[in-house]
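Notes to accompany the following structure.
Just so it is clear, A, B and C label the chains in written order, and each chain counts residues from 1 on its own.
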Amino acid sequence: MENAGKQIYQIAGELFPICRSITGDGVRQTLRILQKWVPQIKISEVPSGTKVFDWEIPKEWNITEGYIENSQGKRIIDFQENNLHIMGYSVPVDQYVTLEQLKAHLYTEPSQPDVIPYVTSYYRENFGFCMSERLKNSLPQDTYHMVIKSTLTPGSLTYGELVIPGESSEEIFFSTYICHPSMANNECSGPALAVWLARWLMRKQARRYTYRFVFVPETIGSICYLSRHKDELKERVIAGFNLSCVGDSLQYSIVESRYGNTLADRALKNILRSHCPQFRVYSFLKRGSDERQYNAPGIDLPVVSFCRSKYGEYPQYHTSADNMDFISPEGFQGSFEVMAKLIDLLENNRCYQVQVLCEPQLGRRGLYPAVSRKGQYDAVYGMTTLIAYADGTNDLIAISDRIGCAADLLIPVVKQLSDAGLLADAQEQKHPCSS
Amino acid sequence: MENAGKQIYQIAGELFPICRSITGDGVRQTLRILQKWVPQIKISEVPSGTKVFDWEIPKEWNITEGYIENSQGKRIIDFQENNLHIMGYSVPVDQYVTLEQLKAHLYTEPSQPDVIPYVTSYYRENFGFCMSERLKNSLPQDTYHMVIKSTLTPGSLTYGELVIPGESSEEIFFSTYICHPSMANNECSGPALAVWLARWLMRKQARRYTYRFVFVPETIGSICYLSRHKDELKERVIAGFNLSCVGDSLQYSIVESRYGNTLADRALKNILRSHCPQFRVYSFLKRGSDERQYNAPGIDLPVVSFCRSKYGEYPQYHTSADNMDFISPEGFQGSFEVMAKLIDLLENNRCYQVQVLCEPQLGRRGLYPAVSRKGQYDAVYGMTTLIAYADGTNDLIAISDRIGCAADLLIPVVKQLSDAGLLADAQEQKHPCSS
Amino acid sequence: MENAGKQIYQIAGELFPICRSITGDGVRQTLRILQKWVPQIKISEVPSGTKVFDWEIPKEWNITEGYIENSQGKRIIDFQENNLHIMGYSVPVDQYVTLEQLKAHLYTEPSQPDVIPYVTSYYRENFGFCMSERLKNSLPQDTYHMVIKSTLTPGSLTYGELVIPGESSEEIFFSTYICHPSMANNECSGPALAVWLARWLMRKQARRYTYRFVFVPETIGSICYLSRHKDELKERVIAGFNLSCVGDSLQYSIVESRYGNTLADRALKNILRSHCPQFRVYSFLKRGSDERQYNAPGIDLPVVSFCRSKYGEYPQYHTSADNMDFISPEGFQGSFEVMAKLIDLLENNRCYQVQVLCEPQLGRRGLYPAVSRKGQYDAVYGMTTLIAYADGTNDLIAISDRIGCAADLLIPVVKQLSDAGLLADAQEQKHPCSS
């Protein structure tokens, strides 16, 4: 577990240079890199024009070149240097223009004059160039040559999917997206963490739940996936997590589900509370990633987003400053540990019921100090309190929340008490008891 | 809508001079003035002695003269000058008394030495004179002549009623009272606002709901009205508002229903929250007007009181200082705007359900900016958030409360989305879905 | 009622010198003293070895002598002087040892160097001596003679029980424990208060409820009692109170039931709120006395603990400093008054329903001032507000909590209104309506 952060950082680095969009070869390249770590990832293609709920799979976009040249033939900006320079889904252009004409096609972020902003125009045919405000302001009167060599033609949308079976057909769901070009936290970090978590899960000896990972282009990809798998997801998924911006070291965040009360909300908040009490809770009013689709009315999946610094809330977001320096092995290590603890908690989350009436005699079982004296009582406090609330109406999360004791400290206690025959699962039914 | 305040102030001024009580010609005069604005107001008479639940319609009281004369024949106080000088429901008297004997029949407000207090004795035969503490203290030893020419005889209680039909038989209910003599905020303001609201409603092209206005003497009048109309009100009224003290400019207030959780509470608080965030919420523990009867156990109507400065909470209350200077066109204008917004909200309050799965493609319908770039997302935030919670379990009030966005800003969005086929009423059932 | 505190203090003083443990003659002596005040207390014996849920009644322990002598024959400590000097359930010993060997059997409380700590070893055969840290540190090298003359042999566990019948078979339950040696607040105070409350209840002319008192050794005693009476208690008990540490004057405390929401929680908090607003609420996470057994999963009795300074939360707790100086007649008087008010509240706690529609005419019944004028309204505020919420869904506790008016002030109002035919019990059903 200790080298996880370094490994995930390395995967993110491998994904970073690729020019991705919601369709095209960048997505396919990305998925092939992920397959190097988990060959079982299954890649699907959905043809342009396919109806997916209220949407339609757009034409496929690919790009080979893109630059602005001045009259001396010097390239002012070049796609080869930074793929953020070309607005996503730009149609081809090859045109000589004045500075004024050029400016109509330039996008900058005036409040951050040194960064290249990330801009797209998926659903209206358009083209554009992105650069720093400073560069734009330095451009002299001249004749400029705008060149974009791209194709926007019928093709397909590409996504990846992985199902890791467990004892139960109930699923824990992970979603992350693979449609952003060279930005590190948003979003090379999500796919990198996801693929590493999948590896870790596949190596576990036993899994109570089935795990499903999807690697999709944001919005259109999750809508597309849902249009094909909605019923099975609604039947099986008990908790889901959208992974986004999980590589920085600044904080931890959760974006809640629509009403903030699902098993996913409860489990992730429980873990973050003990792992990092200063974590931030964003309500669904602050949503912005694929949790929007998973929580849409009629879809109603119990999905939250897990982030370190939340998308849209850090200055580097959607700019060239979201680069490999903004994320770190330490940042990934923290995210991985939270996810690993979360999975352990979900795997052990049951509605326990104490198997004797009144308090059990712990001493007789070697679980209680035999000499009772002032102060010593605290030693078994966690154990007796867990038993006190093991009345079959509280799952482990509820007990941990109530006691204020980290779930990962309670899991071994549960095992000890279960081995002694004092605890049992109150129900072999579908969903955990409390909500 | 802009001249509403001035017009309502003028109506209140016309009502001001009349000597009203819970029965008598002052009530009839008042209703006839209101009929000038809305001729459809129906006037009913209920004979003295009629049983109305635990009460009985009292004898009818009328008064023509009332004064105290000193031995020089000078009138110390005179009913003609201010009708508050005579205690309401005073029986006739014509008696010469010493200063000491006189004082047994004088009522003052020592804490406010310059005002005439408003005093009544409806249910025990009595008489009295009200004056300023200062005047009382200035009276010399003398022989005084106490004169009240009043009648307390079998007659009737008078009330007015107006039903403005709408598409649905479900009703929005307004109640106000017409039993206070010359006091402006409490209570020429309520009937004046009510009659103007009724005019405004009658001119609307379409009304979803039926509107019922009652103009009753306080307490005995609302009890009397309920004794005759309880079952129909309980079946039809979905929200009701007692209008009292609505003419001053100092603040806005709501007195909640018995448990503070009805549609009337929710709607009025929602409007006040955006109209005037400093508004005051008084719990039902602070009740004091006809909301007492409408919320009584077994009556259980969803009725709150709407006030500017709440009755009992401003120093001019129930004194001669509650005069036409204490209320203003601006005060009425504000009250009218709150009521008009409230009615718009109720008329548009439905449990909306989005009609597509996952987020709708707003761009295709011209509802979303086509170029996506940093910061621009907020432009459609209200729209997408409204859609996110349009799951058929939240009415518009609930969504507005959750988003923290004024309902009157959401109503045009709802129309736009409904026109685009993206929203529909989740249910054609009786009451709004959330509570 | 005024001399209650003195009398209870005297009873506690009579109980103080006795050496009690969870079994043995000290328990029997204690119960015989209590029988002097209430001869109806029934004493039961349960043989050693009897299975009681997960536990077994231990051997009976009795002790006649216990001391440590130095080589000059001087007794360093002596059981006759303070029975805390011998660890509870010590097996016999008669042995000469060095200082080092002796120290292995000494128990002190280093943080409080002058007190003798209270130590027991019920479920593992062992022996020990308790003394002040200061005395231990002063002991010179020497040969010491450790002597304990005790017996640990098959016998029985002893408990007392008292049922005071009422009109209903529903019960109010009190539990207190009789297993601690010479400590005053914890726990001569509980049995002393309990027996006095029982006397007071038996002298009442009418009791709506049946009252059950149990005097048991802590933990094993309540488990034993539950193993014999669980079903009848679960059927009958509507509220129960564990009495412990009720003799000091420092504060008032409640230890809540498992979820803090039973009738017992609501009633005791209501009384404490008006009796002493600074009272402390300890959640069930801070439990530690027999409320643990009564609230165990599957037992689920509505039992809270009532204390002045809570066990475990005051420095004298479980030491020789918890002596007759720590408790006082005033402390007991306060506890008695709280319990007496609590019982009055429970006896009068019904879901009242007003018997007329709309507000009743109080004036006609002489319940309302006939002249209505500014300010006077408050005089009947409690009465009218009680009526406003007497809708059959609130019991008297709920109304008192809502109004913020002490229940003992409302009880006479309820009687007055009931006598006037205006209030009636909404239901003759088992449990009060609100929870």
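Please note the rule applied: a residue touches a chain if its C-beta (ideal position, glycine included) is under 8 Å from a C-beta of that chain, and two chains touch if they have at least 3 such contacts.
Bear in mind that the values here come from a model prediction, so they are computed numbers and not experimental data.
Relative orientation of chain B with respect to chain C corresponds to a rotation of 120°, obtained by superposing CA atoms and rounded to a multiple of 5. Homomeric contact chain A/chain B is classed as different-residue, with under half of its interface positions used by both copies. Remark: chain A and chain B have CA centroids separated by 54 Å (rounded to whole angstrom). Inter-chain spacing, taken between the CA centroids of chain B and chain C, is 54 Å.
Among the residues of chain A, none is found touching two or more other chains. Those residues of chain A lying in contact with chain B across their complex are 53-55, 87, 107, 109, 117-124, 126, 128, 219, 222-223, 226-227, 230, 258, 284-285, 287-288, 292-293, 295-300, 312, 317-319. Looking at the complex, you find that chain B touches chain A at residues 353-354, 356-361, 363-364, 370-374, 377, 384-385, 388-392, 402-403.
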